[in-house]
Each structure stands twice: as C-alpha cells, then as structure tokens.
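In the two complexes below, chain A is the common chain; its partner is chain B in one and chain C in the other.
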Partner chain A sequence: MKATDRILGLVGSLIRQTLVIGATLLSLFPVYFMIVSAFKTRFEYIEDKWGLPQSLFWANFNTALAGEKFFIRFTNSSVLTVGSVLVSLIIACLAAYAFAKMEFYGKRTLFNIILSLMVVPPVVMIVPLFVAMVRWKLVNTYQGTILIYTGLLLPFSIYLMTNFFRTIPREIIEAARIDGCSSLRIFWNIMMPLSAPALITLIVVNALWVWNELLIALVFMQKDELKTLMVGIAALRSRNYVDIPATMAGLLIATIPIVVVYLFGQRYFIRGLTGGAVK
Partner chain B sequence: MPLSVSQRYKLLRKIEPYLFLAPALVVIGLIFAFPIVRLVTLSFQRPFQGQMLFVGLTNYQTIFQDEVFLRAVRNNLTLLISVPIMVVIALILAIFLFDRIRGWQLYRTTLFLPYLLPITVVGLIFSYIFQLSGVLNDFLKVIGLEQFVFDWLGSTRLALPTLMFVIIWKEVGFGIVLFLARLMSVEEELFDAAKIDGADWWKLHWYITIPQLATTIEFFTVVSIITILSWVFGYVYVMTGGGPGNATMVTELFIYLAGFRYNQMNIAAAVSVILLLVTGIFIFLELRLRERSAALEEVP
Partner chain C sequence: MASVTFDHVTKRFGDVVAVNDLNIHIEDKEFLVLVGPSGCGKSTALRCLAGLEDVTSGRILIDNQVVNDIPPKDRDIAMVFQSYALYPHMSVFDNMAFALKLRKVPKEEIKRRVHQAAELLGIQDLLNRRPRQLSGGQRQRVAVGRAIVREPKVFLFDEPLSNLDAKLRVETRANISKLHLQLQTTFIYVTHDQVEAMTMATRIAVLNHGVLQQIDTPQNLYDKPKNLFVAGFIGSPAMNFFPAHLRRDNGKMYVDAKTFAVEVPSDRHAVYAPYIDRPVILGIRPEDIYNPEFAPPGILAQPVEAVVDVTELMGNEIFVYLKSGEHNFIARVDPRSRYTINQRAQVVFNMANMHLFDPTTELAVR
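Coming up: the complex of A and B.
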C-alpha cells in the first residue's frame, strides 16, 4: 500500500514536472529565438535558425539603430509613456481619495460607472475621438495622445488606488485633521507617501500598457517623426522581411526595458494585474 | 449674512469631494462619454455634399450585407474557441505550480513573461517562426515530418488557427498567475483538513481547489471573451493584416480599415456601436462578478 502510493506520487510529480517544463520551454522559445537570431549574420540565420550563434554579430544592432529612425521612435514612446502615466496617476489618486475617504451624493453609482469603463475597448472610441481630435487640432500632437492614454488609464488607476486608500486607517486622517491639515495636505503629505507600493504597481502596469499600445498610436501619431516604437515595429513586417537578424535586434532593444522592469518589479506586476480579481 | 466658521467648514466638506473628482470626470467625459455619444450619432449619418445627413439605419443595413464584415464577425466567434482552451491550460498549470513542484517560482516568472511582451514584438517573432521558410518548418523537415510543412500564416485554412495559437500563447499566462494568486490566498487549513481526511490528489483539487477558484475562473472567462472580441487588433495587424483574402479579418481591423483606410467613418461607427453593445453585455457581467467578489471581501 505504502509502496504503491509512493510510486504513484513519483509518477504524478514526474508528469507534472514534464508538463510544466514543456510549457515553460514553449513560452520561452520565441524569446530565445529572438535573442539568438539578433546575433547571427543573415547567412548564418538561413543555415541554422534555432542554434546558438557561432559568434556574436553586433552589426545587426547598428543596422537596427540606424534604420527606421529608431531613436526618434524610442523617444516618442518614452514621452507618451512618461507623460500619460504621470498625468493619469495624479488625476486618478485625487479621485480615488474622494471615493475612498469622503462621503458624497452618487458615490456608488459613479464608482460603478468608472469600473465598467475599465474594459470598454478603445477601438470603439477611435472613430469619434479622431473626428473630435481633428476639430480640436490635437491629432499628431503629444498632448492629444497623452490625453487619450490618460483617459484610458484612469478607470483602472482609480479602481486600484481606491482599493488601496480604503486600507489606510481612518484614525491617521482624523488625527491630521485635528492638527489642522486641509484635505489637500492630507492627500499629499499622508495618503501619497503611505501608498508607495500601490503607486509603484500602478506606474509599472500603466507604463507597460502605454509602451506596448499599438492602435491609438497608429491612428493619432501618423506623422513619420511622431511614430512610436510599436508602430515602427509593426511596419517592419512588410519592409525588412529580408534582414531578419537586424529586425530581431531591433525587437530585442524594444523588449529589453520591459524585461528588465519585469525582473526587478515582478511582484508589483503580479499584484497590479491580478489585483481586483484576487486579493 | 456671512457664513460662520462651522458653516463654511460644512459647505467645504460638501463640495470638496467633487473638487477632487473634477479632473478625472473631465478627462473621462472627453475620452469616454463624449465619443460614445458621438459614435451613436455618427452611425446614423452619412456625408453628402460636405454635410452630415441623417440616414436612419442605412449604415447598419449596409454592414449586414457586407461579406467582409460578416466574415470578421464569424472569425471573432471562431476565435472564442480559445477561451475554454485557455481556462483549461491555465487551470492545470496553476494547480501544478500550486502543488509547489520544485522551482515553481521560476516557472511562474517565465510563464507570465509572454503576457507582458508587446503584441507587436510577439506577432513579428511568430510570423518569422511560422513563415514558409521559418523555424517551425525547418524543424519539421529535420525530424522527418515533411508532410506537415505548411505556409502557416499564408494559407486561408491555417491562418486563423495559427493566429489563435499565438493569442493563447500570449494570454494564458495571465490566467495562470491569476489562478495561482487566488489559490495562495485560500487558507492552508482547508487543504490540510482535506489531506488529513485522506483526499487524494484528484479529490483534493476537484472538491477543494476548483470550487475555491470558481469566481476567479468566471472572471478570467469573461475577461478573455472581451479580449477575443475586442482586443486582438494588434495580432492581426502585425501577423496577417487580415489576410490571406480576409481569412483573418476581425471586427476591430474592419473598423480601422473602414475608418482610416477607406474613409468610411460612418460605416466604422456603425460597426463600433455593435461591438460596444456586444462587449457591453460582458462588461456588465464582469462588473457583477467584481461586485460579488468585493462583497465577499468587505467586512463592514
């Protein structure tokens, strides 16, 4: 009895381990493929697609950085990401403070409406937004696109911060109020510093979203010198099909910031992206 | 009569919340409320000699006779097959990781990675993998399975399933991490008690784990349905552009092409309205689920 149990357990864990390792290899393969290809010469790539490169062929990176206005695209993506993450953060925290710590008429309804906006797909808004943005002369401007991203980030940000602010004890706020602090000072000097972990989560998750976004960038940043990195990458498919290693080098550079941030801030990502559904 | 200090304080308390909310409400009004209202009016109009004319349901009639649009809807529905597949894969892997197999934290890190990578980057890498002269076909030749060498993204029959594979590959990590996070918040005693009562692996997971995950599974299902119906633009745009011959056309790409390539804003608006209504049902469902799980947590 004991022996069969042990054998069954062993077989079970063998199956589990095999399946998990298989899935892991499958999820890593494209990344591995991107990295090894980025260091191969074109000839080497054609000869051997999945093996390790014989030597590191760095010239691909020069090709990638020189072509397709890489630096401009990189800067554009950075400006949009930093801008919309910061603006949405401040606006969302102000609103979240009201939702979490103040009483007012229509609070629950308003909060539910904002919650439901969280999953409204941006694609349904692009047509009327474009029409409006043309009229407001905001197409092909950083401000206009940052405004759109800010709006799209707000529902999730408000939701996350409201949940976090709710956990801050009321006593702290009351004590500060007795000391004569205004609400704005309580918000800025007490709530915000106490929320550092939640704020980092929010910044990381939102930055990732803006950095990776394609559709809005495609429609609202059409001028060549305003295109983002992802739009530039999407265009590579048709143009650079021949020089795959150089393309892979470009992809690698575009991906590195994400992977670095992920490896250092993994728990923030997981907390932020699963927050709300799980506590 | 000037207000006394306490009256002024009371008044401030009353309007203060709205001051804190104001910036958020303005931006949400501009980016969500206004466009959605405008969307509906646009969908009932058509340009005529530089003016917008009210044309009733004409745009809707047009799209429902449009082969390409109908194809896009069918493709979106076909892609929904990936939802149960993702739920099952995520469930199995999350349970395995929860069994604390050796190195589970490392596995979690790598299994979640695809979810964070940009769709454009993933799409491009996969289009090189699935190319006729790509890695996959090279590999199939090496192991002697020449009969399985196909132009994966270039064939009308295979392009959509291939696309679906990539979507699953990227989105399933979210489910794994979501389920695992939920499982780790379940009290250990529950599992220990079942083990003491002599539950084997199957019984343990069938009677304890899966019921504990029920709301999370519902949530992931609804989120995935919304994703498949309205967040797959990036994959299609980068990997196939809707082709070959509309084999991978989806509603989002249809909206984009109608609105920004063929200059038919009003047709695009009508499709958007329909997409919004369909996702609206699921958005409502998701909201209910969130409320329910929030109600379970909140202790007054």
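Coming up: the complex of A and C.
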C-alpha cells in the first residue's frame, strides 16, 4: 500500500515538474530565439534558424543602431514611457484612493464603467482617436500620444490600486485622521508608502506595455524624428528585404532597459501580485 | 482634561439605529467605561465622539464646547484602537511622534515627550523598531504611547485589550488604571468585557440596542441593577432569574416559583406590595446561593430543593448547575462542598440580596 502511494506521488510530481519545465521552456523560447538570431549573419539565419551561431556576428547591432537615429528613438520611447506611466500613476492613485476610502454619489457605477473600459481593445479606437487628435492638433506630439497611453493605462491602474488600497485597514486611516492628517496627507504619508509594492508592480507592468506598444506609436508618431524604438525596429524589415538578425539585435537592445526595470522592481513585483499582506 | 457630554445623541446607519438618544455627562478626570454586547452601539458612540462618524441628531460637547462640526484632529482627543492601527512603515518613535510633527511641535519637545511616554510605558528600547517586529503586548503599549504624547483632553479606548492573551490582559488592565491615576485625564473606554468594566471604571454605562440602560458606579450597578438586562449582563456567572408569583400568607410574603417558595424579607414588603398575586421575576446572584453547611451566619437563608446537573470546580469555589422543575440556575458554593451529579441537594438563597423585576417592563421593583 505504502509503496504504491509513493510511486503515485512520484508520478504525480514527475507530471507536475514536466509541465512546469515545459511551460518555462516554451516561454523562454522567444527570448532564446531573439538572442541567438541577433548574433547570426543573414545566411546563417536562413540555413539554421534554431541553432546556436557559429561565431558572434556583431554587425547586426550596427545595422540596428543605424547611426544616431537609434538614440533619438530610444529617447522618444523613454519620453512616452516615463510620461504616460507617471501621469497615469498620479491620476490612478488619486482616483483609487477615492474609490477605496471615500463615499460619494455614483461611486459604484463610476467604478464599474471604468472597469468595463479595460476590455475595450485599443484597435477599435484608433480611427476616432486619430480624427480627434487631428482636430486638436495633437498628432505627432508627445502630449497627444501620452494622453492616449494614459487613457488606456488608467482602467487597469485604477482597478489595481483600488483593490490594494482596500486592503489597508480602515483603523490606520482613522488613526491618522485623529493624529491630524488631512485627506491629502493621509494619501501621501500613509497610503502611498504602504502601497509601495503595488505601485512598483504597476510601474513595471505599465512601463513594459508602453515600451513595447507598436500600433498607437506607429499611427500617432509618424514623423521620422518622433518614431519610437519599436516602430524603428519594425521598420527594419522594410521594402526590399527582411533582416531578421538585425531586427532581433534591435529588439535585444530595446529589451535591456525594461529588463532592468523589471529586475529592479522584481522583489516588489512578486509581493505586489500576492496582495496586501499588511498587518 | 475636560468633561464630555452626549446630549440626545442619535446615530443611524440607514434604517439601523446604532445609538438611540444617548445622554451621558462625563466629568473631567473620570474613567467611564461603555459596556454592552457586540452591536449595542458602544463603539459607534465612541467613534461619534472621536469625530469618525457624524451624529444623526443631538450634540456632543467636549469641555462644554459643541464639537459636532469639528474635525477629529481639532477635538483634542487621542484614541487607542482595538487593532492598535500603528503605521507599519514607521518606527515606534515616528509612530508616536507623527501627530506632534503634524502639529509642528519643535523637534526637541517631540523628543522629550516621546521619551517620557516611552519611559512611562517601558518601551524605551523599542523606539527604533518597526511595529511588525513587536509582540502584541508591545504594540498595544506603543498604541497607548502614541495617545499619551499628544497630551489630549480626552483619551478614547476602543476595546484595546481584546487582542491580548488572558494573562497579558489582566496585567495591561492594571497598567491602564494606573495610567489614569498618573495622567489625571478623562478616559472613555469601550469594552464588551464586564470584568474590564468593573475593575477599571469610576462609572460604567451599560448599553443595549443603542439605548443607555444604566449608568452608575461599578458597585451600584452590581448591587442595584435597574433592569433585567443590566442584572444579567453585569456579573459572571450571570444572575439567576426565576419567573414566579408574589403571594402573601399569614402576614408573610413569598416569591412562589411553583417548585419552591422563598420568603421575602419584611423590609421589602411595602415596596413589593403592589405586585401581590401578580407575576414577577426573582433574581438571585450565584454567590447568594449557599451550601447550607457553609452558609455564613447572619444571612436571610431560605432553603430550596434542587437536583445537581453539572459541577465545575474552579479551585477557590465550585459552580453548581442546579435544576428545580423548569428552573435552571447556578450557584457558586464553598469548594469544600461535595455534590454529585443527579443528587438531590438543598441550597439556601440569601434573600437579603434578592432582586425583583416586573416581567412586562423588565424594570427592577424598588
């Protein structure tokens, strides 16, 4: 009896491990593909798509960096990312504070409307947005694109922060009120420091999304000197040929900042996702 | 240091009346305990006083000034919460200093006051720690310390001991009483634990369903409960109640509970006369029921026959659960008593300490 139990347990754990390893390999494969392709010559890539490069071919990186344009695009991406993440964070936190800790007329309805906006795909909004942006003369401006990104980031950001703020015990806020805090000071001195894990999670998730976003950047930042990194890299496979290794080299460079952001926030990221164990 | 007045205070949450026309005047330096079962409105009353809830009607006065529209921070009160509500991201020092910093008290003064309070509470060594590095008892003391440094007019305590273990609770209870003597400030304390209320209060206010039942000194509340609720709530084990009839026989007066009848002391005849031949409720506290062998001399002993249901040895006494017909009651008897289950036993009621209640109004007949 005991022996069969042990064998069953072993089989179970084997299946579990296999699944986990399989999932890991599957999600790591694109990263592997990106890295090995970035170091191959084009012929090498055509001959052997999945294998390791015979030697490290650095010229792809030169193609990808393509003169000073890379740095302009890097700056554009950075401005859009920092701008929209920052603006959406400020608005989302203030809104979430109100949703989580204040009473006002229409609170639930408003919150539900915001939640439902999470499911609207950006693609369907492109045309009306473009018309509006043209009318407001915001096409080809940082402000205009930041505005769109902020709008798209807000529903999820408000949702996440509201749920996190709700886990902060009411008594702590009441104690702060008795101690002499105004609502804004409670927000700044109590809510914000206690929400560090959720804030960092939100920054990482949002920054990742804006940095990698292609469609809106492509449509609303058309001038060459305003193009973002992702648009620039996508343009590498231009009219005459598709230079996959150069594209991959570009992507590899573009990935680095976001990996840094992730690694920096990872400790909090995990904690943020496991929710507000505030005691 | 200030007096506090609840003047016809009512608080509704939708259709629920949490506090119903509460009138209490609390003197300066008094230790008032609000006590009652959960949901009786005691915490709500305290939160109204703190300014965390608006009152629906009525006035709250601190130091003879109406504070209804004054925000919590300007009421000059400090509150200790059941969950302590310490700021998790601040050190103990910062937790205690936070309110003073907000009031722009000079740094030196903050330091002096925090250290003074820490010394009073024996938490000097913890000032640099974070709340999560503290035990429950230490957190509780920090929460009290945070209130002390404010030097408020009124201290509010919302069940501050209920998260402590039994031994620590007894110890902290004594410390809070001591603190009240040292600080000479008005304390208002909410608890559901009548032992806490009895041991600490200068006066106790008993609430039920949002209505003030009685407010008096602990001794008076115990000896002269105004109604059935207070009589049953204060004291542990609770007072025994016997639905009965009052009758007169040969110039003597008896409480007749069908399976037994006990004689009413003559000094009460005049007061109880209107209830002759009417239903009443007899109240006897468990400690007023004796094993006849060990009954002290001088009591007005009236014998009652009963069957032993359960006995609980407490060491210094025995709780005997007794049955007499439909009546179930508890006696706290001398530990030398020997009772066995299902045994027929005779006990005596000390009628000098009897209580009589009107079953319709539930008020004590006095």
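Keep in mind that, in the parts below, the second predicted complex is superposed on the first by the 209 of 279 C-alpha atoms of A that agree within 3 Å, B and C clash if a C-alpha of one lies under 4 Å from a C-alpha of the other, contacts with A are read in each partner's own complex, and residues count from 1 in each chain.
The rule we apply is simple: contacts are C-beta pairs under 8 Å (C-beta built on N, C-alpha and C of every residue); 3 or more make two chains touch, one makes a residue touch a chain.
For clarity, every value in this text was computed on a predicted model and none was experimentally measured.
K.L.:
Between chain B (first) and chain C (second), which does A:172 come into contact with in this model arrangement: first, second, both, or neither?
P.N.:
Second partner only.
K.L.:
Let me test your reading of the model: by the given contact rule, A:117 touches which partner, first (chain B), second (chain C), both or neither?
P.N.:
first
K.L.:
According to the stated criteria, A:190 is in contact with first (chain B), second (chain C), both, or neither; which is it?
P.N.:
second
K.L.:
More chain A residues touched by chain B or by chain C?
P.N.:
Partner with more touched residues of chain A: B.
K.L.:
Is A:6 touching anything from chain B or chain C once the two structures are fitted on A? First, second, both or neither.
P.N.:
neither
K.L.:
Across the two complexes, find the residues of chain A that touch chain B and also touch chain C.
P.N.:
After superposing on chain A, chain A residues 278-279 contact both chain B and chain C.
K.L.:
In the complex formed with chain A, which residues of chain B make contact?
P.N.:
14, 16-18, 20-21, 23-25, 27-28, 30-32, 34-36, 38-39, 42, 89, 92-93, 96-97, 99, 101-102, 104, 107, 109-129, 133-135, 138-139, 169, 173-174, 177-178, 181-182, 185, 201, 216, 219-220, 223, 226, 229-231, 233-234, 237-239, 252, 255-256, 259-260, 265, 268-269, 272-273, 275-276, 279, 282-284, 286-287, 290-291, 293, 297
K.L.:
Where on chain C is chain A touching in the complex?
P.N.:
50-52, 71-73, 77-79, 81-89, 98-99, 102-103, 132, 146, 150
K.L.:
Which chain A residues qualify as touching chain B in the complex?
P.N.:
12-13, 16-17, 19-21, 23-24, 26-28, 30-31, 33-34, 37, 46, 49-50, 90-92, 94-95, 97-98, 102-104, 107, 110, 112, 114-117, 119-121, 123-132, 147-148, 150-152, 154-155, 158, 183, 187, 208, 211-212, 214-215, 218-219, 230, 233-234, 236-237, 244, 247-248, 251, 254-255, 258-259, 262-263, 266, 269-270, 273-274, 276-279
K.L.:
Which residues of chain A touch chain C in the complex?
P.N.:
Within the complex, chain A contacts chain C at residues 169, 171-172, 174-181, 185, 189-190, 193-194, 278-279.
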